[in-house]
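Letters A, B, C and D mark the chains in the order given here, with residues in each chain numbered from 1 onward.
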């Protein structure tokens, strides 16, 4: 086996997360224990990934696209509550998201909810389009 | 990249969730902290999605179909304990579900369990049929 | 859309769960709050599913096969700690499992851990073999 | 059905986990309640699996490859915080990982977070490359 980590691109170019919800409040020390919803992106390829995220709601048109880049052979753990341009995502509102990239990436969805005294966690690999 | 969010339909037309259980009691402020089991549906297409949900049990014939629609480019986070027609799903009973749609959708399953003083969370993308 | 719930078989005939661990102790009222690890099986087909489960360990040969059936159009939420024949699965030991069926099924893995005062939950759809 | 557990290899040879984070502190009895992030590997085949893990970060080049073996018909639940060669993974830093094997394996990702008084759990089957 090689002594160089990784072996190039892995993943798909289009992903979806049907669950989304930014808890409205938090408990515990900041920033680790603040309630957050994270979109973890892995770009194991040798090229910069140009990523656009569209956010869908129950009662209004979609927001975005939010545009970002992930450097080659890097991961980026993006908190939805830090998205600013073109608009912030309001807390306490259900949403969903579609993540598109020009190179293959892997997407995983995680929530830390610290609204009550002890935190709760959930995660899933996102849905990878064919 | 385009400045319009999303780029059309994503997903599959038939999904399954093998786990299902509505906790029998709750702690904390309503409605955010009430125990619930959610079926999150994303319809990123440009057409209305007609969805039917069948609910399977351990000791009786399936319930449903529960019929609903999801508007184009919208998400819907449906709580199983809010299903009424043709019948409610009893708490504290194991079930499973199959979700069918006439357009591609993405389905994710989430449970918030607040039976004890602090809440617990779990989520997974549902199984997408071929 | 039809008024009969479900529309037949969904899933695959061979599944795997790489994580497995029966917590060694519990808190809270029995049986809902006892720590457990569940293999949720959905048989949406019109035929009885004959299922066999093999359990893999870190330091010994596999256990099983554990044999069971799931009736047509039924789910079964099986607790690993209730398996008895040919042997019980010890608590506090890492394991993994392969679930095989003669008809298509859907498998989901869930753990409720109540070793500390408040319970924790996790779930994932199992890996579906091609 | 056969009376021998298992029926050979299942899974894929290349997997990815986009989420990774070793919590910086713990509560509760060691080692069960120490915060940890686990990569559960199932090798249901009849051959030794030679596995290499590459770890990706947000702001530096990848670490690894970490090399290990999983014996035939065995599982191995590997804690990322126990990786030592060629370097340890620092706590409180986001990472992602790619897991490669010369025989088919199944990979599942689990985190136990006990930074607050009660533990939280999350799990998902990793992304299986085509």
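Here, a residue touches a chain if its C-beta (ideal position, glycine included) is under 8 Å from a C-beta of that chain, and two chains touch if they have at least 3 such contacts.
This one's a predicted model, so the numbers in the text were calculated from it and none came from an experiment.
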- prompt: Cα superposition of subunit B onto subunit D: how big is the rotation, rounded to the nearest 5°?
  reply: 180
- request: Tell me, please, which chain's centre (mean of its C-alpha atoms) is farthest from the centre of subunit B?
  value: D
Message: I'd like the Å distance between the centres of subunit A and subunit C, where a centre is the mean of that chain's Cα atoms.
response: 29
Field: Between subunit D and subunit C, distance of the C-alpha-averaged centres to the nearest whole Å
entry: 21
- request: Send over the residues of subunit A in touch with two or more other chains.
  value: 117-118, 120-125
Task: Give every residue of subunit D touching subunit C within the complex, in rising order.
output: 1-7, 10-11, 28, 32-33, 38, 40-42, 44, 73-77, 106-108, 110, 114, 117-125, 128
Query: Can you list the residues on subunit B that touch subunit C in the complex?
result: 14, 16-21, 24, 50, 52, 54-59, 61-65, 67, 92, 94-96, 98, 100, 109, 111, 113, 115-118, 120-127, 129
